[in-house]
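If you scroll down you'll find the structure; I have some questions about it.
Chain IDs A, B, C, D and E follow the sequence of writing; residue 1 opens each chain.
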Amino acid sequence: MSLTEIFFWFLSVLALGSAAMVVLSKNPVYSILFLIITFFCITGHYILLNAQFLAIVNLIVYAGAIMVLFLFVVMLMNLNADSEPPQKSKYLWFIGVIAGGSLLIILVAALKESEASYQLTQMNHGNVGLIATLGRTLFTNYVFPFEISSVLFLSAMIGAVVLSKREAVQN
Amino acid sequence: MPIYYYIVLAIALFTIGIIGVLTRRNAIIIFMCIELMLNAVNLLLVAFSKMHNIATAATNPTAAIDAQIFVFFIMVVAAAEVSVGLAIIVMMYRNTHSVDVNFLNRLKN
Amino acid sequence: MFGYSVTFPHLLVFVPLIAGLIIFFIKKENSAKAISLFASIVTLSVSCFSLCYADNKDLNWVPYEWLKYIGSSFSLGLDGMGKILTLLTAIAFPVIFVASYKSSYKNANVFYGLMLLSQAGLMGVFLSMDALLFYFFWELALIPVYFLCSRWGGERRIQATFKFFVYTFAGSLLMLLGIIYVYLHTDRTVYAAHSFSINSFYSVVLNAHQQNWLFWLFFIAFAIKMPVFPFHTWQPDAYEQSPTSVTMVLSGVMVKMGLFAVLRWLIPVFPEAVLNFSNIVIILSIIGIIYASLIAIKQDDLKRLIAYSSIAHIGLMCAAIFTVEQIGIEGVMIQMFNHGINIIGLWIVVELIERQTGVRKISQLGGIAHTAPFLTIMLVVIAFANIALPLTNAFVGEFMMFNGLFKYNIWYTAIAGISIILAAVYTLNMVKNVFYGNSNGLTVAMKDISLNEKMILCVIIVAIFLIGIYPQPMLDMAKDSVSLILSRFK
Amino acid sequence: MNAIILTALFGIILMFGGVFFKSKSTPKYVAIGGLIIVLIANCLELRNGEPFFDINLNDMLRFTSFNLTFLSVIFSATLLYFLLNGRDIEKVGTNVSEYFALIFFVLCGVGISATYNTLLTLFLGIEIMSIPLYILTASDKRNLKSNEAALKYFLMGSFSTGIMLMGIAFIYGGNTQGSFYIDNIALGEGKMPVMIAVGLVFLLTAMSFKVSAAPFHFWTPDVYDGAPTVFTSFMATIIKAAGFIAFLRLFENVFGKVQPQWQILLAVITAATLLIGNLTAVFQQSVKRMLAYSSIAQAGFMLLAIFALNEYAKEGLVLYAAAYCLASIGLFAILIRMNDYTIEGFNGLGKRQPLLAVTATIFLLSLTGVPLTAGFLGKFYMLVAVMNDGHQKWLAILAVLCAAISAYYYFRIIQAMFFKDSNEAPSEIWDINPRFKALLVITAALIILLGIFPSLIADWLHY
Amino acid sequence: MSNTLQIGWLIPILPLIGFLINGICRKQLSKTLSGLIGSGVILASFAISLFVFFQVKNGNTHLAHYFDFINTESIKVGFDFQIDQLSSLFLLIITGVGFLIHVYSTSYMHEEDSKDFAKYFSYLNLFVFSMLLLVMGGNYIIMFIGWEGVGLCSYLLIGYWFKNNDYNDAAKKAFIMNRIGDLGFLLAVFWLITKTGTADYHEVFANVSKLSTFDITGITMLLFVGATGKSAQIPLYTWLPDAMAGPTPVSALIHAATMVTAGIYMIARSNILFTMAPFTQCVIAVIGLATAVLAATIALKQNDIKKVLAYSTVSQLGYMFLGLGVGAYTGSVFHVMTHAFFKALLFLGAGSVIHAMSGEQDMRNMGGLKKYMSITHITFLLGCLAIAGMPPFSGFFSKDEILAGAFAKNPVYWAIGVLTAFMTAFYMFRLYAMTFLGKFKGTHDQEHHLHESPAAITIPLIILAILAVVGGWVGIPEVFMHGGHRLEAFLEPVFAPSNALVEKHHLSHSTEYTLMAVSVGGALIALLFAWNKFSKYQKTEAPESGIGKVLSNKWYVDELYNTIIVKPIQAIAAFFNNILEKKGIDGFVNGIGKAVNYGSRQIRLLQNGQVGMYVLLMVLGILALFIIQLFLVK
């Protein structure tokens, strides 16, 4: 069992565990922290797969900016375990778990059959993930999506402004 | 490392996310679970890209790169969504002082 | 879009259509009445001309390109069967307008506009030589009537007419499916992969199994329209609840749509299936005949009574059609016309009574003969025509239809024949209780009818006897259509 | 191309305009003018196939006569929407020009998702389309219904985004090319690999969600009900149509060849949508909510096109979308002007506002699918498509029966307007100016015209 | 016009014109005028009939074709008149007796105001018209037209006084019972058309050999059903007594002289068919006999003068059918003629009595009228003798011929027939005695009011009386005078085909004498018995009992029909109307609507407003799709 595999298993288990904790933990702040852990694990996976650029972005954008934003909001509303809305009736909870679980099982079972899922992935080498490669492609082939996604941000920005701006007195 | 492991891992994360959406009532947590789902997808895509980097490098050299750029765009969109989503949640919190998704259900039937 | 030469069919459709649209914008009641009457008379004269100047086996017409890429064309044609029914439609409306000239409706312009629209729709149904066009008109005839009924009808009108609408609408949608299916099996034309024209429908090749279920898709739609037992329950309510002049349209002309459609679109297209199912259909119709006649005996409301008697008559026609006997079908052709005339006459009398006394309950009326002898005579004549007394028009039709049915099966005829006894029973009951006996508080004040009503009723009576004594011309008219239909069974 | 660029451009202009425009109604005029330009530009591109701008798309979008026709239909519908509802948009809140900007961004998204040629642009297009809608839904900030609607829409919307991405991932992983380009991932005959199948189901789910097909429709009634009615009108018509074109192109170009393997799924979804939409609509008391359900029902009919995927289906979908948009926009425009959204509110409208009532009747008849209205031809094409496809004829029968049911609830309004009298004080209707009436009449006339001469639109597709 | 008989169309058309004139300008015409028109047209057509008759007598028969009534690929029905011996004879009877009755009516109906007076005459003319159509028709369809036409007229005339609902009911009953018969007729015609492809007499009779026995039997039975309806035979006879509600002349014309004999005409016309169907003949004979006896027994106990006559009519008709049944067609036709004379006479006489008694019809309140109204009395007596079959009155010959025929066929028929004859004699003279003999039993002012009727009434009585006496002499049997039976000779061509089939069995003269002796003697005894029993009849309030009760209640036949036919039908109709239609079929239709509503109300609950729920359902949806896609689709 090579080092990569060890890392892989470690990160996977950690990711799953903390992901589960995100759902389970009563206190929103804990959830956020567990989610950050999960993201770290995923970043680790990226590194394993030698996708450096994404690893960085994931770390900065997700684990950094976005989660901070979440944390900020939660703090703003100062939510904590007791302000947490009471859990739904248990059996609904079960149904949820069963539904999700069976989805998992079905997919796993189905994909186990297909030979396609036994192709190998190239671990920790290969240069596709390097910033240089991606950057070049992004600004040549992908210039249109890149530009157009600005529209997305504009609208998001407008949204944030429109929604969170305090209105003057309603007429 | 066979892609199958990654698939299982990604689906597992994805499912956890779904379960979170199903079971939690706190809007923010639900939203976080959705982010979790997105990350599962990202992981899967990257894994696939590395798979194709072996399998189809001959036929389609840009295959692997496309996927990773796709992931990049997913992150972009996710960021935008977060800003809007949190704005909505905050607005709702302002009006109701609650983040419980079941708190508001005037709209039914 | 539209072509060069305008033929009789186009006039028949567009005169009422355009007139109807114009009338919507005429606010004054009297002028609306006048114009609608005028328009309907123009239509009548057109159809009279067409009787003389168009020949009877005209199934080929000028097809105007319409929906090029679907393969549907705006093609109207006039054959013998079409002539008979367009004539009926053309006669019916002026008669109705004159008869209802006295009774004033709230915003009359809308009323008369809708009436004319429905006339246009009916004309279109009888003239269209293209399945899709046929469906268009089929609905176009329905919609105005829906509005007429539920706007100017009785107190339970909304439910009654809505039931009527949904019922028929569902039926016709099923028919639409059938049309589409057949359409998809027609040969390709210049522009389109398939065609809706009647010829390609007649020449389409379908195996027995396809025919069998298509048959029902079509038949149910038509059966609801006719209506045939057990699809008839919308009818009495609709007749009872709608204003009488609309009821005249419904029962006088509209129910003929179903019969006509069977003759034009069902029998020739699915001959095999017709032969397979004719027995079932005939049994249904005969059950309907007896059933309706028996129920009619029990009715106390004049309108309901006539409604049920109409169901019985239609049932007989339906049965006669499905015998696929030359004489039976020819009888149906002429009977469609006769039944229209007679029942309109009956409705007119009913309306006159209701307008004066304000009631339709048989039990509340009586002794009208003292105060309104002329009305009584007219009613008696029409009523006896309705039960097919010889030398009245209905006798010819029923004689031929029974004859056809007899050729098909003796016992069916015997059972169906009971209806002529039952018909006598309920008709005579009605005559006795409404017109004879001593007049009561309601009827003692009745005045006899005025000139225009007299004229109208006389026209009807003349028609009754004319056809009753010398039906031959009409039979000749129908001959070619019948032989065309039967040629599919050779 | 023109459309996408220009819409984005006008969106930005309006966004900044919010600062400079003094009068409240300026944005409206700018928007209308802009939209006209967009429309013209689009039609020009459709005519001579040459965009004004030369941008290296790297073949990520593809402009065919079908796409562009569809786009022009959508833009003209939007134009009509602006003309009819401009004043009502102003009434929603203070940030008028932002609303218009967002609508333009949405249109930009529509443009992309109607012409996408890779899964990436599909994804972007749909997101660009959705995110502004979340905001528009929430735009009535003080109104809790609006908040609730926005929250539900947002949560479920982003959930479906997740689903869709999962699907895309599997498609990518499953195809031998390892590509997102439609042409590369298009499947050939033969059994499709499991991974693709998984991806297909995820994508199907996501798209069904966008077009609100059962059982993924649950957001629709609540969101449409809660959102400000003007924007409901926009979402229920234009967005839905756009969703369908995306849906259709995806399944035609990618999974077209293996149709038999997934047709049953669509049959199930379609049947469920038809039944749930129609049945639930029957009992609604609020017209707004009833229309929400009716939009689901209509979606069920449009799904038939995707079920069948043949020439009739494509042609019919365009017609259907046009007919549906016209009728619904008109109907919503009337609804907005009512104070009482319940069906009783319509009682006696035929007396108070005959013209509104008549036009409303035409819209309703068109939605019911009565001949001589465009709605009929839409349904007609759908039925032809299904029958032509040959499999699952029961679907066609179910469809017509549902159409009969739909008559049931549409005609309740007609009955209310003409045959019932308002017992209490007539719920007064505000702001009916001649221009509005004229526009309604034009809309109705268009519906009739299309109902008689569908070739006006359909012929474009035959170029 | 090749043949002079082509003018035959004038005969029916004249009454039609009379009907139209009287009907349309009934408001303007004065009584005299409408009376003149009414009788005038009949007189005219009587004249033409005479002409036609003599033409025919000189052997010139003709089938006149006027225009095509129905002419299609599968059947051709012309508007044809068949003018031959049979029809011309009937023409004479109808127009002749008809004319007399018209004249009679001018005075009898004089109390009516002029409008109704004209209406009455128009109806009467219409009746004559359709009756003529019936007998002249050249095919079964024209005959059917007349056939239903007379039914209509009888309906109208019975219900002439429509104020009284009992009369209306009687009219209704008559029409409906006729309709039942008509259905049989119609079916027979269809059968004929289906088998032979035509309805023209001559073609049918020409092709009769082609028909199988089953067909012929079926056809003839159905025709006979028609006859029972029209000619009041068991089981459809009950309408005739009720039909007496109409004015008395009407009863005389329609319900005695002409319409009710239509059945006999029809069978005589298609005699060849019946001759070839022995079974049917047997049925006819039995039914006829049964009717004769039944009616006669009922007549014994009736006290309404017209009712007695009505039942006697039924019984006489029974005789005629007996004649037809045993193949004595000539005899039946002969009896139709004589019966027309004396029964018309009797009815008119009764009418004149009723007239004098100012509407009183109950014999128990009469008596001793002979000293008030001599002419009526004499003529009536002659009529009674004629019907009682006393030689040399007309009734004797015709009845005797039928009885002879019956004896030849089967002595039992004869025995019963004779028995009936006795009863006839009895009740007729009971009637006579109670009415004219003894002393008056009516109220005082009735007595004071009694008078002989005016000339317009008496003259027809006299003429008819003469006919009733001498009418029989055209058919004097062989035994008395060789070649005396002119009628038989005259009708020979009509019945030739049948006669060719069955050999005429001649009774020995001695037998014939004995038969006549028995019948006459028996009748005479019954007659005298009735005479002296009822001439001193006193009104007794003692209710009938035993058999007498049954008889005076007409064997309870009406009640029977009411319980086994009318009530059940009403019940079924009620069931259909109230249960099956409302709850059953319509209930089902509405049920669908209800179901939709219910489903809608239930499905709404899925939409419970909670995101969690929605997402859950979505996920379940996805699961379902996956299961279908991955595990079910192959």
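By definition in this document, a contact is a pair of C-beta atoms (placed from the backbone, for glycine too) under 8 Å apart; a residue touches a chain by one contact, two chains touch by 3 or more.
Every value quoted in this text rests on a predicted model; they were computed, and no experiment measured them.
Chains that touch both chain B and chain C: D, E.
Chain centres here are C-alpha means, and the one lying farthest from chain C is A. Comparing mean CA positions across the assembly, the chain most remote from chain B is E. Looking at contacts between chains, the pair that accounts for the most C-beta pairs is A-B.
Central chain assignment: C. Criterion: smallest distance from chain C-alpha mean to the mean of all protein C-alpha atoms. Computed from the mean C-alpha positions, the centre of chain A lies at a distance of 31 Å from the centre of chain D. Note on chain placement: the centre of chain B and the centre of chain D lie 26 Å apart, centres being C-alpha means.
Between chain C and chain D, the centres computed from C-alpha atoms are 42 Å apart. The geometric centre of chain D is 78 Å away from that of chain E, both derived from CA atoms.
Across the assembly, chain B contributes residues 3, 7, 17-18, 21-23, 25, 30-31, 47, 49, 51, 55, 64, 69, 73, 77, 80-81, 84, 88-89, 91, 101-102, 105-108 that each touch 2 or more other chains.
Those residues of chain A in touch with two or more other chains are numbered 88, 92, 95-96, 99-100, 103, 107, 110-111, 116-117, 141-142, 145, 149, 152, 155-156, 159, 163.
Residue positions 120, 124, 127, 131, 134-135, 138, 141-142, 151-152, 155, 159, 173, 194, 197-198, 221-222, 408 of chain D each touch two or more of the other chains.
Interface note: chains touch in the pairs A-B, A-D, A-E, B-D, B-E, C-D, C-E, D-E.
Across the complex, chain B meets chain E through its residues 18, 21-23, 25, 30, 101-102, 105-109. Residues of chain D that touch chain E in their complex: 151-152, 155-156, 159, 163, 194, 197-198, 200-202, 204-205, 209, 214-216, 218-219, 221-222, 261-262, 264-265, 268-269, 276, 279-283, 405, 408. Every residue of chain D that touches chain C in the complex is listed here, in rising order: 315, 365, 370-372, 376, 380, 383-384, 387-388, 396-397, 400-401, 403-404, 407-408, 411, 415, 418-420, 453-455, 458-459, 462. Of all residues in chain E, those touching chain B in their complex are 604-605, 607-612, 615-616, 619. Contact residues of chain C toward chain E in the complex are 163, 166-167, 230, 232-234, 291, 294-295, 297-299, 325-327, 330, 367, 369-370, 384, 389-391, 395-396, 399-400, 402-403, 406-407, 410, 413-414, 417-418, 420-421, 424-425, 428-429, 432, 435-438, 470-472, 475, 479, 483.
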